[in-house]
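Here come two complexes built around chain A, the first alongside chain B, the second alongside chain C.
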Partner chain A sequence: MTDAAVDRPRLDAARLRRWLPVYGVYVALVALFAFNAVFTERFLLWENVRIQLVQVAPVVIVALGMAVVIGTEGIDLSVGSVMALAAAIVPIYLGYGAAPAVLMALVGGLVVGLVNGGLVAYVGMQPIVATLALLVAGRGVALVLSGGQLKEIRNPDLIALGSTDLAGLPVSVWLAVALTVVIGFLVRRTVFGRRLVAVGGNRRAADLAGLPVRRVLIGVYVLSALLAAVAGVLAVARIQSSDASQVGLLYELSAITAVVVGGTPLTGGRVRVLGTVAGALLMQLVIATMIKHDLKPSIAEMVQAVIILVAVYAARERRAR
Partner chain B sequence: MTALDKRQVPAGEPARRAERRSDRVADLGQRHGALAVLVIVSLVGLAAFPGFRTPENAATLLVNAAPLALIALGMTFVILTGGIDLSVGSVFVLGGVLAAWASQYGFWAALAAPLAVCGLIGLVNGVLVARTGMPPFIVTLASLLGARGLMRAISGEGSATYLVAAPAFKMFGNGAALGVKWPVWVAAALFLIGTVVLHRMRFGQSVYAIGGSADAARLMGVPVAATRVCVYAISGLLAGLAGALNAARLGSGVTVLGIGLELDAIAAVVIGGTLLTGGAGALSGTAAGVLLLGVIQNLINQVGDLPAAYQQVISGSFLAVVVVAQTWLARLRRVASG
Partner chain C sequence: MSHADAPLLDVVGVTKQFPGVRALDEVSMTLRNGEVHALVGENGAGKSTLIKVITGVYQPDAGELRMGGARTAFPAPLDAQRAGISTIYQEVNLIPLMSVARNLFLGREPRRFGIIDTARMNREATGTLRGYGIVGDVRRPLGELGLGAQQMVALARAVMIDARVVIMDEPTSSLEPREVDTLFELIRRLHRGGIGILYVSHRLDELYRICDRVTVLRDGRVVHTGPLAGLERLRLVSLMLGRDVTTVRREGVTSFTGDHADTSAAPVLRASGLRSRHRLHGVDITVRPGEVVGLGGLLGAGRSETVKAIAGALPLEAGTIEVAGRPIGRPSTANAVRAGIAVLPEDRKVEGIVPGLSVRENIALAVLPRLSRLGVVREKQLDAIVRTFIDRLRIRAAGPEQPVDELSGGNQQKVLLARLLATAPKVLLLDEPTRGIDVGAKAEVQSLIDELAAQGLGVVLVSSDADELVEGADRVVVLRDGAVVGELRGAEVNTDALMAAIATAAGAQDGADDD
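== the complex of A and B ==
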């Protein structure tokens, strides 16, 4: 045996280990899609694909914001509560029309984002605590605003947002696609994107290099909260009612899962926008596959847990190298 | 703060006395801030609400706080090592369902089943955190999902509610000794034991050392991995016990409770002055934090026409205020010590 012969398989394993966390999600997505196309009845019907896409759209939108926050080595636990807050604000201003109501919902998100960002950037709180406080308080405020009641939405413009199609796809799906492009552009091609990755890679170095670290952090949390508010408005438009106690419940988990499965490391310094979208699609497909094959939701949850662990474990191996 | 910290300040050095005074003020604020606020809020409650003054109300307040107290106790250990356990809420529910289900086989089965399963989940958390180097936050997030899935699997997708069959087990949740209900005794006893473990035993000192600096602790020969595994196992065990006690009190394994309980527990620990970065804090603070959350909730109920959602608003804002104060106190201390 020569050294080269011994080295080669090890090198391949190393390459696989680097490669897997980044592209594994796409492979898994294609494999699972192929599996369903062959073995699941009525999977390829347009109605089914449509339903899956409509269901995944708000998760994608929230997960995009989460990916950007995680890119700065942060986390935003408040996204589900921001969705609830947006959902609670919409019916209050719906009397003035759909546009002002949506605008006010976004303002609500903006305020939460500013508070999150301020606590993280200026007070120096750990992101997990700052956004935890907003998670608890945000849903509380949403419940207070809505009086704890479910409100039906009858505004035709808002209902149209949730149920019309544009070129064969629902508006919410187009919105998710558009926001993916915008965030992708933001992260890859703008100064803000470069800065947020630099802050996530090494905050102290970014600070010493003269980057406006605090402003970047505030911008990141505002972005995440705004995207969550959009998702909240979409949820209201789709189910044509606003229930602050239900909208966005546990969305923070779905969003974090999508980001992590998509190959964005929790240690920051890297944002995988397309990976995040693929992660959200994969988790949606996993659940759909299990439901269609009559596996119980309880099993689906346990499988999700294992997928998260495997994804993080694979990413950890790559970092260790 | 701890024995370790006291050693770092040499005693009787005149030049440093003034610095140490501001240091001590910051320290006091951090350690007993929650207790002070608890006393103030309770006094206001006593003065303003006749309904708050009754012994029955005090008993209800304490027994309601007992499960959260147990969970926060375990969470304090985890947070002191610099970790976090997000799975306790669903482990708590799982424990309750398991206890109610196992109560058909008698009192001891009803106690052993949740402790075994929940302890095992904690153990798995601990091993994954300690041995693979994955962040505690993501490991316990996964086990949050896993435990909830398991709970649904044994309760017919959350539709079946097991009633507690063993009368002795029901007594465990509702019976009283010396006028205080059993869950409160259990919580109080475990807090005492926890305090002794943290401050008087090697394991407790290891917990503080790891939270201060895991690398330094390892170099000093502290069994870092084993200690980490233990704290997560303790957290799982206590969450399971809390679930069992709650099931015994309610007489059934309720499947819909416990969402967000991990956040209440973290809030109680942080309000109690334990730093999320690990290494500093005490169980007395956690107890004050738990009671404070309970008193706030109770007072909101006393006001009556206030929606229960205000409790979330208040505890969320409170959490933010406390952590802001902590950060400033820490900064003050850094300035004081040069």
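== the complex of A and C ==
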């Protein structure tokens, strides 16, 4: 029938448009991995894979929190500064041992999360503005706390966190895997997870259905800040020093990129946890590929920009019903 | 109409196939010069598809369009516009932040030396709009006008760009009666000028007021086309529904039956002295178990605001709300839901459904805490509840996992009702429960309201459909300017009395306030 002949390609295009933003990241990841496996020397060596995973772990952890915030139609620009804040807090309390120091770093994250969430949920500020304020203020406080100096870390427990392997993989990578599972469970199976996507999908409707919208919003910003604090501690442990002016720099952008490339729409109402992880891996792999093939960092940045544009372009179809 | 040589627009045997659905099946209809032609049918009958074919959004799989007798095709919407077909949607598609004048002249601004001649544009716009009954500063942003006035601007624009066919899709759904009058006045003038108007509406009253002929679509086919005068209302409804005239007659225009209220029972809802700045000035409402209390009044009288206030969604300056004798704490939506109040919001899309989420998640939204242990959702119990409500409310979806925005309006409304009922509420607040849904779903929703009341729920019903209000409610509280100005009970609950009460409420202030 002519009908079918005319309709079929169109239908496939429509299906592709829906499919692409969700699964495109996995295809790209596999393709790029395969490319490297064939054309990049020493790519498949365990040592190389390990380095890539260690580098991507903090991005994954921060991006998980970012994905949850973006799921509520928000954004958290303060994550990089929270990492710096956590990094600045750690050496202050390290005298009491690694655990109290890490705990205090997390408390620092908690405070920033509460402020972010409070500004968004109760004051009614736009997330981008509220968290931009904390982006500036957070690093400022971190610099004050650290006195603007780089501090070396000599605590063996903390250093172990950054350099020990567990079953062949570094602790930080295991932590990223574990947190991915936790956030995945949180988003898919818990009341909080269901509520946060409802708030992102239609805030008025969620409110009228009696959902505690403000509590949910505060929850996601706290979660995001806590995850950023964890990433900050990991960064300190790995480089065995704390430099509040460097830790977490531009991480907010890496995290947002991972989330967007992973297929989570910026318009909220959906969180793709695995996609976010794949997005972070993909961006890491892009940079690694460029470096291995002796391309300038500036070119790597342009390629990243193109990937972001493609991801956003592919996701754009979702809006037009 | 006698001056018509060739018809303005001919739709000849148009068929449009979508995967799994034949949306239009050899549809033919004729729009003559200077007529107002009603296009009616249930949701899913093919109205929107037909409009999209006529406006060049869709290409017909078979059949053709003719304008003035000559075969024509619109590969893109712009081609249809160039041919003089203009569409006015319920949501005005102009630019709210631009000035009224700019909107009116968008794309055809008068220029001087290549620069927009603002003075001339404003002058002409003022003159043009005065003819449409809009007076005011045309330099102000369009968004500051009321929706009705915005629609007039859209219409004026359509006429200015030499439209010969104007398609109006539910133009009155957000207009006040006065604005509707102005709109109809305008439509009459247009049609004297030879423009053909295709008028799509769910409101039968309007069709009989304004339309010359009618085409009824059902399941993608034309089931009737002809003059509207002389076509009995019941016959029209039965054509749309595909039901027998006698059943419709026996069941009434709506699907409500009898009373269930037990007048001796203690009220399930008592709201007193509700005050909110500019909106409510001391509203009292009492609802007994099994009672359906209608809220009557004109647009802006405070009906939706009253509902919102009871639901905890409107900040109150004063007033108390009791459910089954117990005051709910600080007014908030969460407290209201906990106390057993469930609200069906007026605007399904904006305040109701969560698009992108599945039918299942939408139904489960409000009841999650009860279906969870330590914050983890019990999926099996949730599935059971969702299945129960899909069956009970006859929600037509491909399955619980289908995204809710793919459903028809009527089924979306049922999903929302399921969401409310899942919380086992004591009081239901229904704000325009049947607006914009097809006749079949409307009947189902109406009998469901009846059924729920019979089970002892207290229901507050807001409806701008007088028939629905009168047949559905046991008692009608009439509001004006945020205050109760009258009440109809028992035999007084009929359309005439309601109209009288509203008219009195709007006009004779003194008499009403003496109550």
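Methods note: the second predicted complex is superposed on the first by the 318 of 321 C-alpha atoms of A that agree within 3 Å, B and C clash if a C-alpha of one lies under 4 Å from a C-alpha of the other, contacts with A are read in each partner's own complex, and residues count from 1 in each chain.
Rule of thumb we're sticking to: a contact is a pair of C-beta atoms (placed from the backbone, for glycine too) under 8 Å apart; a residue touches a chain by one contact, two chains touch by 3 or more.
This one's a predicted model, so the numbers in the text were calculated from it and none came from an experiment.
With everything superposed onto chain A, say whether chain B and chain C fit together or clash.
They clash: once the shared chain is superposed, the two partners overlap in space.
Going by the contact rule set out at the top, does A:G148 touch chain B (first), chain C (second), both, or neither?
first
In the superposed arrangement, which partner chain does A:L208 touch: chain B (first), chain C (second), both, or neither?
So A:L208 only meets chain C here.
Is A:R270 in contact with chain B, with chain C, with both, or with neither (first, second, both, neither)?
Second partner only.
One more residue to check, A:V197. First (chain B), second (chain C), both or neither?
Touch partner of A:V197: chain C, not chain B.
Classify the contacts of A:L309 with the two partner chains as first (chain B alone), second (chain C alone), both, or neither.
first
After the superposition on A, what does A:V182 contact: first (chain B), second (chain C), both or neither?
neither
So which bit of chain C gets in the way of chain B here: 96-104, 348-356, 384-392 or 420-428?
The stretch that clashes with chain B is 96-104.
Between chain B and chain C, which residues of chain A are contacted by each of them?
Common interface on chain A, chain B vs chain C: nothing in common.
Help me check something: in the complex, which residues belonging to chain B touch chain A?
84, 128, 132-135, 137-139, 141-146, 148-153, 157, 259-260, 263, 266-267, 270, 276-277, 307-317, 319-320, 323-324, 327
Inside the complex, what are the residues of chain A that reach chain B?
75, 119, 123-126, 128-130, 132-144, 147-148, 249-250, 253, 256, 260, 266, 296-302, 304-306, 308-309, 312-313, 316, 320
Which residues of chain C touch chain A in their complex?
It is residues 17, 19, 61, 311, 313, 333-334, 336-338, 343, 345, 350-357, 361, 364-366, 368-369, 372, 375-377, 379, 405, 419, 423 of chain C that touch chain A.
Provide the residue numbers of chain A that touch chain C in the complex, in ascending order.
3, 6-7, 11, 189-192, 194-195, 197-198, 201-202, 204-212, 269-270, 321
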